[in-house]
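Here chain A shows up in two complexes: once beside chain B, once beside chain C.
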Partner chain A sequence: MKSITLKEAVLQLKKGLTTAQEICIACQQRLHKTNKLNMFVTETTSGELQKQIQSSNKAYIEGAAKPLEGIPIAFKDNFCTKGVRTTCGSKMLQNYIPPYDATMVTKCKQAGGIVMGKTNMDEFAMGSGSLDSCHGPVINPWNLVVSPHIHSELSQNSPAESDDTASLNEPDWYISGGSSGGSAAAVAAGACLAAFGSDTGGSTRNPASYCGVVGFKPTYGLLSRHGLIPLVNSMDVPGILTKTVEDSALVLNSVAGHDILDSTTFTEAYTPFIIKEDLDLSKVHIGIPKEFHAPSLSEEVLMLWRKTADMFEKAGAKVSQVSMPHAQLCIICYHVLCCCEVASNFSRYDGIEFGLRDGSEESTEELYAGSRHKGFNGVVRGRILAGNFFLLKKNYTKFFLKAQKVRRLISNDFRQVFSTGVNLLLTPTTLTDAPLHSWFSKQDNRTRCEEQDIFTTPANMAGVPAMSLPLGLSRQGLPLSLQLIGPHFSESLLLSAAHWLEKDAKFSHLDLDFLEFSDKSFRRA
Partner chain B sequence: MKYLIFFNSFLYKVPFFQISSIKLFSTKSKVPDKPVWDKIDFNSLPKVPEIDLELVEQLERISLVEFNNEEGYISLQNAVRSANLLHAINTEGVEPLDSVLEERELWLREDKVTEGNCLKEILSNATKVEEQYFVAPPGNIPMKQRGKHFLKSVVKEPETSS
Partner chain C sequence: MAASLTQQTKECIFKTCLFCNLFHKTIATRSMNIKRSHISATVQKEVQPEWQGVIGLEIHAQIKTLSKLFSGAATIYDANTNTQVAFFDAALPGTLPVLNQKCVQAGVMTALALGCDINLVSKFDRKHYFYADMPAGYQITQYRKPLAVNGRMTYMFQCSHNNKIERRSAQILQIQLEQDSGKSLHDPAVGYSLIDLNRAGIGLMEIVTAPDFTSGDDAASFVKDLRDILIDIGACDGKMAEGSLRVDANISVHRPGEPLGIRSEVKNINSFRNIRLAVDYEIRRQIQLLESGEQVVNETRSFDIQDGETVTMREKEKVLDYRFLPEPNLPPLVIHKDRSSVKSSQNVVVLEEVKSVLKELPDEKRKRLETKYNISLKNSVILVRANLAELFEKLVEHHSCDPAAASSVLRNSYAPFLDKAKLNSTDRPISDDGLAEIINIYGRGEISETSLGILLREKSENIHLSCKEIMDKNNLCILNDELLINAAIDDVCERNPKAVKAYKKGKTNQLEILSTKVKKKLDGKVASGKLYQLVKEKLQK
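And then the complex of A and B:
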């Protein structure tokens, strides 16, 4: 399935050139061939998959196909799926089987989408490497083309044999980014045509940047959070991962809108977002926030940023340098607020109603403490402890309220910039291309998040939409990405501008067709 | 070993998109040449609060999780030191921001029962149930003190007033 996009798949399905069966089986095969990348935690059973495929086939035959009919979609393992284990990458929820579907899952199914499975992630979405999961780390699929030792190791064993990734710790490999690493990797590898991640501080855009796919965090309140296991309620947003901007728009339009089960979704009548093919760039004003040139920004990302800004200018757009004076400490502010909301949110995990129950039964507190100690990894425990420190009576004003005030200043920075006529901001998504595992694991999770998420957290603070899109390859042959940020509900313009960039950049998507070239039953789409 | 791997992988890498040389640096580019971060004057910041053994125990009690090693303690210390940087920003007269939806009214549904009869589903994820109840051990018993000897080298003992 060479770089087939969701849009192409829908077109071919409508024309009868292919079937839902063919598309899903191709994705399933790819999923099996890349099993060792550890992208999936739970795969939809063949029986269930066939049931969904049959119903999509029928819909096409009857001419009743819905927008995502027959399209294989994966969900990060923090979206509840009825009757299907949802672990959040944690021992705490190792055996948790939700009695309901998250609204994003329900809406995808209603739009005809086929759920391929649940993807791997950092425990409770805390991380930027997808290394801290109880299921083991996610390996960036680009390793298959840039790190030949990984490729040879994968092909030594027959696929789908084991999910043992321990052997991949040596030699070194590139990480997928996180925390939605499994979802980004699955789209890049072609194991699904779209995937959902979550984005609290950049968890969709960061892995999208490292895996070379489009990662979109819509306006806060546009997509329902119902059934998305909460991390930081005031910032969590479901994120969309696809190969192209058009695909992103297709998924967005199928799932956006008010949900009676999430009071923070907007109630306004919702009109689909449309990508303008003939975008008049002379009417677009792009801002370059100078503070996004951070000290450790790599030269390659900087070059791409400059080149892209110049490109906009040459094409007629107005490009100006702007200032967001509080962006520099955004990540610090994010961390305080994240820990505080985590400390409060995570009190639900006590092992009584659901989740791991593993502690002394002599008292409730002993049981809670024992279960929480065994159920959470060090990162989660660390954030709970730090959150409770910031929330102590004597620290509340000094840290928690202080961070909330800084959050307003950051949010005002956006407001100010957009009020001067700037339509969109162009920034880097990450400092570099995908880092090596050996380098990344030299520092603890907290330190890494503090440097990895610096460009992505501002959008979460203000609730504005932001998209990371791959625009080039580094000298190492790994994806390089930039980010577009717009004001609330500017999705149509943001998608249109991103689409324009994408057309111009002609990014060469990861092509893993060679994994199957011996397989005769596989047809090129 | 590592050098070998680097070399090995270098051979296979095909740079599809070479971003080359300084030529692209046009003086009129709107992207700044150099990082524009302000230096933080650390002397102007308030002292980083200390975390002593008493506080460690208090945090464990309210969090119901333990510091399992020195690393956990050092990580908290670093988190606090990091958070202290926020004091470099003047927030006088600024209202805290809880939610980006502060200017909107949240939608409230009618106060009517919409779902129910899901006892089986609700109980299905509990490890221990009896008839139609969740089972919990006796309450109102404080958590036992955990020995913190492994933190000795990094944590200050609380001053004893005896």
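And then the complex of A and C:
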């Protein structure tokens, strides 16, 4: 079983060319072969997996297969899974077993999907490198093909257990991006055919860009957040990670729609989004926001951006430069709003009802302080502190309210641009291809987030759909990606245009099939 | 000027009641005049009369719904520990609030009943503080844009010392929806604190008043009437002992004309009596502090029921900044004026529909009874409170009863009779015709108040007997023979020469004591008014 896509898998399953058993076992094997990449935090037990496989097999035999029947899907470890540990990459929830499934998990299961396991992430989704997890960092699977000299090292050394292992003596490696690094890496490596991440400021699109997969953040309110452990409620969106745009649409259509358990989901009746194979590009107007020409943008990404814009134009699309004057305020505004909601959302982690309880039981305050100090890493604690400061009565207007106003301005920029006839925006997703661990860890989490999220955060501010898709390889052989952003609920057009681009770009996906032919190491055969 | 003077005098008299509770109990049977003179004497001697209490109330009323404000968990009181807890109520990560429209409906109904302006768009905020029985670390409430503002509620001020009744009104500043907290149970013996989340997340309405009250009686009277309204419209069961209705009082004192004093807040008062006691105690305490040159501290206090005192809970300066944040998981709460703006599938609250089911409010009812039937405020208050207004109107409208006689019989005889027989106001142990006949007999002066009670009881037990038959059988006819009455008066006066002497020295309350003795001697078969007249004549001879 080669690097198969979700759509191909469904077709083959329907035709009886393969079975759910074969697909799942292949993914499971890949998962085990790539164990050292530290992509998974919890793997579904073989017994449970077999149960799900049997049920899918039966569905195919009975002709009652649902859209994702028998498809292995992984979930970022911030989606609650009934009876299965959900840690958010934090000591605080290291032993937390939710008593319920997140709506995304429920809907995937209802659509026949098979849960492969829970993927690694930055602690509570705060990060853009997937390095700040209590389970250790995620290693980009492209390392296995672009820097063969580290393969043997990787195969011998266990992945780092804490986030400060990046000493220069160790072999260097490319990071997966984050915070949904585990999910993006798992899809790229073929350990599942689709994965869920979460996207608050780019946490799905950023690792998708670095791992060479499609990362999709739908319109805010289209997918239920019930059971997604929140970072910033007003920006969090479940993100979909797949190999292709078509796969993304398949997953989207299986999980979108109103959920009575999430009052912020769109209440209108939901109609499936359709990819138009015969998209008439002469009717499409692509905007290139000039403010996205960041000084630190790498030459290769810039070239790809230009080339892609030209491709659109050659195919008949109208391409023009647009202005989004407030986009540059995005990062600082995001920082304030994120910290405020974090300070609030994280008040519940007090060790009383659930989570780590580690402090003096002499007084409630000491118990709280002890548990929260030991349970959260410095990044989380820093954001809580800042957020509480911003929310103080004397600071509320100066920080929170002002940031909300700026958010409105950013949102209005999108509205303004889309109201002038622009259908989609084309931008980079990240500044470069995947950075090296040694370089990334030279700066702290906050600095890296501010730098890494600059192209992705605006879409979260406005709640509009955005997709990162891999379109080429860098000189180093690492994926390069761009981002398409559309107006609210423009998923059909966004998916169609992305699908058109994807067909044209013929991106060569990561192929790790050699792993199965070599028992000794990761080395290419 | 005159009006304000009267007002001031009234408040003075009233306030002084605070200082001599015990004394008042002992003179409860004396006449009003004596009370007044005695009080003013006390005032001059002991207290500076110009201090005035200023009280504002925050009332937390649990909304009577089957499920909680934001979750599907049940709200049954006294259920087994932690059996009414949805995942959301335990603040499990990833859970989200889903607004219970039934709670909104109750809130809107209350807002209408209290004459508030309803915000067609209101919002929810998070109020942060760490407390073990508040699992999320914040309470969802309405801070910046509450459900309703700017109302006014009429209530019957009732003085606990002289039964004086007066119609007053207070301004409602706002009504907000919010979550109740859980309960902590501390066991110092083993050093455990146990948490029960059954109450966590039950819908509350916080009703905030302007500082319009002046005394414990005033505040308690308001809450009593508010409770009646809430029960009447079904928004709250009003069970104060179960914590369904809890009162926080903000209390300060000042001299009229001067700026308001520093206030303290007494939290979680759970009965009318405690409202009166706590407020009056706190006023007294603050006056004492100020008189001895000290300052009132802005702090939160609780009322110790055992000692009848308020005690410090925490100083306000130490209270945390609540760091309010708009609740990001709930869209703005929209109340629709009418159905036209509502999509059919939506589960929403429509103002017109709530208005249409709102019944006549107690004060509207009282006012109608007073103006339409010309009955006294006191009678209207009792008829409405005893839920007998409807019966009253029926008797007057359809059975041609005299309103004065009907209200008197219902209030003085029928309501106590129901009480004694442990019957509800909706039970009808006597047919309306029978009741009308009894009222007419009384109206014609054919039976005394005392005998009425017997007639009501007998009639309810012997439906087949006519009133005439019962009265004959039990010898209930009124005694009108003045010779007989006077003989009884003479007899009583002879046996009580001290009382007669006291009366002649000015102790007019002896009139009532002697009259009661005469009445007893005559088996209660004499009309009170007539008896008083005759006794008075005898004593003044």
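In the analysis below, the second predicted complex is superposed on the first by the 500 of 525 C-alpha atoms of A that agree within 3 Å, B and C clash if a C-alpha of one lies under 4 Å from a C-alpha of the other, contacts with A are read in each partner's own complex, and residues count from 1 in each chain.
In this text, a residue touches a chain if its C-beta (ideal position, glycine included) is under 8 Å from a C-beta of that chain, and two chains touch if they have at least 3 such contacts.
Because the structure is predicted, anything quoted here is derived from the model rather than measured.
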| field | Touched partner set for A:475, first chain B, second chain C, both or neither | value | first
| request: Mind working out whether A:406 is in touch with chain B, chain C, both or neither, as first, second, both or neither? | output: first
| If you stack the two complexes on chain A, which partner ends up touching A:340: first (chain B), second (chain C), both, or neither? | second
| Taking the superposition as given, does A:80 touch the first partner, chain B, the second, chain C, both, or neither? | second
| message | Quick check for you: in the superposed arrangement, does A:381 touch first (chain B), second (chain C), both or neither? | response | first
| When the two structures are overlaid on chain A, which partner does A:226 contact: first (chain B), second (chain C), both, or neither? | second
| Greater residue coverage of chain A in the superposed arrangement, chain B or chain C | B
| query | Does the superposition put A:310 against chain B (first), chain C (second), both, or neither? | reply | first
| task | Applying the touch criterion given at the start, work out whether A:348 contacts chain B, chain C, both or neither, answering first, second, both or neither. | result | second
| said: Touch test for A:368: chain B only (first), chain C only (second), both, or neither? | reply: both
| task | Please write out, lowest number first, the residues of chain A touched by both chain B and chain C across the two complexes. | result | 96, 99-100, 234, 260, 263-264, 267, 343, 350, 352-354, 364-365, 368, 388, 392
| request: Show which residues of chain A lie in contact with chain B when the two form their complex. | output: 95-97, 99-100, 145-149, 171-172, 220-221, 234, 258, 260, 263-267, 288, 290-291, 293-295, 297, 300, 302-307, 309-310, 313, 319-321, 326, 328-329, 332-333, 335-336, 339, 343, 350-355, 357, 360-369, 372-373, 376, 378, 381-382, 384-386, 388-390, 392, 395, 398-399, 401-409, 411, 438, 444, 446-447, 450, 462-463, 472-477, 480, 508
| chain C partner contacts - residues on chain A that touch it in the complex | 78-80, 86, 88, 93, 96, 98-100, 102, 225-230, 232-234, 260-264, 267, 340-341, 343-344, 346-350, 352-354, 364-365, 368, 388, 391-393, 396, 400
| Sites on chain B touched by chain A in the complex | 1-2, 5, 8-9, 12-19, 24-26, 29-32, 34-38, 46, 49, 51, 55, 58-60, 62-68, 71-72, 75-76, 78-80, 82-83, 85-89, 91, 94-101, 104, 106-109, 118, 121-122, 124-128, 134-139, 141-144
| chain A touches which residues of chain C in the complex? | 87, 90-99, 126, 128, 130, 132, 135-138, 193, 195, 321-325, 328-331, 345-346
